[in-house]
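Going in written order, the chains are labelled A, B, C, D and E, and every chain counts its residues from 1.
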Amino acid sequence: MNKLKVFSLAFVILVSLSRVANAEAVLLASDDFVGITFWLIAMGLLAATAFFFIERSSVPSAWKTSVTVAGLITGIAFINYMYMRGVWVQTGDTPTVYRYVDWLITVPLQMIEFYLILVAAGLAISSKIFWKLLIGTLIMLLGGYAGEIGWVTPGLGFVVGMAGGIYIIFEIFRGESSIIATKNESIKSAFGALRLIVVVGWSIYPIGYIFGLLTPMIGL
Amino acid sequence: MNKLKVFSLAFVILVSLSRVANAEAVLLASDDFVGITFWLIAMGLLAATAFFFIERSSVPSAWKTSVTVAGLITGIAFINYMYMRGVWVQTGDTPTVYRYVDWLITVPLQMIEFYLILVAAGLAISSKIFWKLLIGTLIMLLGGYAGEIGWVTPGLGFVVGMAGGIYIIFEIFRGESSIIATKNESIKSAFGALRLIVVVGWSIYPIGYIFGLLTPMIGL
Amino acid sequence: MNKLKVFSLAFVILVSLSRVANAEAVLLASDDFVGITFWLIAMGLLAATAFFFIERSSVPSAWKTSVTVAGLITGIAFINYMYMRGVWVQTGDTPTVYRYVDWLITVPLQMIEFYLILVAAGLAISSKIFWKLLIGTLIMLLGGYAGEIGWVTPGLGFVVGMAGGIYIIFEIFRGESSIIATKNESIKSAFGALRLIVVVGWSIYPIGYIFGLLTPMIGL
Amino acid sequence: MNKLKVFSLAFVILVSLSRVANAEAVLLASDDFVGITFWLIAMGLLAATAFFFIERSSVPSAWKTSVTVAGLITGIAFINYMYMRGVWVQTGDTPTVYRYVDWLITVPLQMIEFYLILVAAGLAISSKIFWKLLIGTLIMLLGGYAGEIGWVTPGLGFVVGMAGGIYIIFEIFRGESSIIATKNESIKSAFGALRLIVVVGWSIYPIGYIFGLLTPMIGL
Amino acid sequence: MNKLKVFSLAFVILVSLSRVANAEAVLLASDDFVGITFWLIAMGLLAATAFFFIERSSVPSAWKTSVTVAGLITGIAFINYMYMRGVWVQTGDTPTVYRYVDWLITVPLQMIEFYLILVAAGLAISSKIFWKLLIGTLIMLLGGYAGEIGWVTPGLGFVVGMAGGIYIIFEIFRGESSIIATKNESIKSAFGALRLIVVVGWSIYPIGYIFGLLTPMIGL
């Protein structure tokens, strides 16, 4: 199980970084550092993708699908980061559309990851959990997107998006899946780690949103 | 068989999406969303391709060829979507030719997929079914294409194309292959799922065709 | 052996198509369709390459090398088709040079394929057969090429090229390898299928040559 | 264990080369040779990456993760060298930013490599060693970077960077990990080899720094 | 061992071709054929690389590393040929620098190949042989390069380069490794084949050098 810890660790670091980076891209003004951040994360994501796809052959077979999905998440994120970086270098703009396209693919895959970890541990789990997490995610992302591109006011988009995000956090901390996860010691810690990424990593998203979109509105 | 369900699910979602997307590309006027749809689907298809090719090593050996073919379908579709997206970004036009090239490769592969699922389940099946499905597909696609590029009138192209499509739907719902598929419980549900994609996904195709080509002709 | 039949089938279809396509590229005047044909075949060759390289792990070990070589043939043909298509799109010209480069690599590999199928079946076979097929191939290709680029008159190039082609056909229908192939029932049919591709597929080559190069000379 | 020696050898040579090359890129004035060096090292790194990823399947399973990480190090370095070479060819400038991005990913991975070799050998080892090496690395790199881009004076950057570097060298020669490594004969030599790369390879870094940044300041 | 013979054969042909091609690139004046040669060899090298990397899984495990290294040689040569071809098409010049970069990576790998074949056969062999072959190679290449770019007179470069080449030929025909190789029948023939490539393939190199650099000097 040692390998699984390394794997979880790498996963936690990379996904967190990926969230932070998006936020920084909004917060930071200095050109250079946004670009470097994109490049550093892209390289890290590529390394993680290669790591997951190659090491997959060495993990116990119940965990193989989780590792494949982890590789898909980092791989898709890698491609989108390369595009974001390209747009950044050419236009000096953080491309909202690529960020959300990235999230629309990778965030649901993270929810599948939660689900697969419970399944891999042999825990009885209803597929309802998967659908709850997926729908919460879509509300969070579509709410935020509608606010960012001006379909609804930034304030309304923020409220809708946050509702989805808070629902997911409730589900994984107090909901059905969190109760199931406590039945198994080793899963409890893996589940706890993933939970931490979501809270820490995603808490940066609303902060970036507030500073980038809401603050300018109230004249700050 | 749990993995096979996930696999079927992913397959159903992705292929349906791919059909819907083509229709939307015709129906929607807002630039942005056609482009986003192309990009989202392309990324999803890439993830699905990687998933099928990597997870192939973990499915029971009778199913391996089905999974390979699933990966080929999503892989070829991915490449064609990248080209379609490129053409869209440069010209603001949905490229008819790439859509049909995509279909001419992937739709026959879907028919092979129907056939392989029956074979994988160890059901005695004549290769005549494969040829029936293939010929129906070609009539459907070539009819539609002839109408779209103006070789025949859109109305005639539509009638010919529909004839091919209806023949396939008849075959998979009431024909020889559907009778064989009922002999085995687990196959029955996989077969039913694939059947559903064909009907739901493809029903969007004639709708897009009607709105895009036939409606303008009668002055709507 | 079911998988092997599918494999042979795919191989027959693709290689035949690839021969036909070259001929069509010469015969057809309508821009569009030459381009579509290049693209369709390129996609089909790519799918076939992925299929062979992936399914290789599932065939009996005596057949593995044959499948690898089949993948090399379709893979090299794929790359050359992409180049031919690029040249076609830019210049509206079918590039003679890429067609022959493609053939100079893939046709000898097809001859190796004949040889490997006999070896895989455990038939005693002298390596002389391999050299006979290889030399016949080179004469056929170099003769045709010399005629097409104007080193010798098209008529002379045709005669020399045909001599090489007829020699190969004689060898595989009446020569040593055809006699060996009859010793084993399952090989007989695989060998017969490959023989058919060569005769049908290659018969299109001289027809294209006659219409493209010889007919204009005699004023037709 | 013969294969492991070859592997270590290749690793030592390539990583050393990679360090030397960076230094040379600073020291040498003749255009040509900087470019050739970039290209040579890039090709060598690509070959090493392919070697590690392919040969991974043949090493004992305890060593597989080490080999994967070795491949990630050379693979990421390969990509960054291709970019550095591109920048060099276009601008005649060695791009500081890509060099440090390369190091920020590959140097921590080298520290993980030290750790994994001890783990693979079955030695009890606290994860504290990993964190010590990682933090030392970050201090070394960020100190140097701050000096090179002018955030702090080159002299201060040099002192801070050196502090981190010397701490790592102390740790691997006299610290906890070096003591553990002596418990096992075969590890002792592998560990010794890696240690040698760090000292020889990295000693070139401060020399290049002194000649490129500090010497001009004191009027040499 | 049948597969090994095919492998050796393919290796011999390709490496020889690769040497010949370089020479032709110097000797031939007709644009077209230099380009075709680059393209043909590049495709052949790509096919060989795929062949080695894929078939590696089917050879006995003692030979796996040899096959990997063979794939690295052809793979690196493939990439350099693509660049050479690009430079040729754009400038009509054979790029000296890429030829030598190619050789600086692939020729030492060929020397490693000699060494690995002896090791794979289980023959006791000192690593001194490896170093002798490597140093001879470097002298040969650096001597030739110095002459070609005008660091030393072409005549001096030729003498130094030849000294290195002759030393290697002496070593593999009469030296320690050739004596060891005679101890095992099957190795003797593999070793003999590789020896033949070196002598035939490399003899073309000095001939090209003489015609391209030395002859013009003495007014021929």
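Methods note: contacts are C-beta pairs under 8 Å (C-beta built on N, C-alpha and C of every residue); 3 or more make two chains touch, one makes a residue touch a chain.
These figures come from a predicted structure and were not determined experimentally.
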item: Chain D onto chain E, rotation angle from CA fit, given as a multiple of 5 degrees; value: 70
item: Averaged-CA centre spacing for the pair chain C and chain B, given as whole angstrom; value: 30
item: Chain centre separation (chain C, chain D; CA means) in Å; value: 49
item: Per-residue overlap in chain A, given as positions that touch at least 2 other chains; value: 57
item: Contact graph of the chains (line, ring, star, complete, other); value: ring
item: Ordered ring members, chain B first, chain C second; value: B, C, E, D, A
item: Contacting residues of chain C [partner chain B, same complex]; value: 2-3, 6, 32, 36, 39-40, 43-44, 46-47, 50-51, 54-55, 57-58
item: Complex contacts: residues of chain C adjacent to chain E; value: 53, 56-57, 61, 64-65, 68-69, 71-72, 75-76, 79-80, 97, 101, 104-105, 109, 119
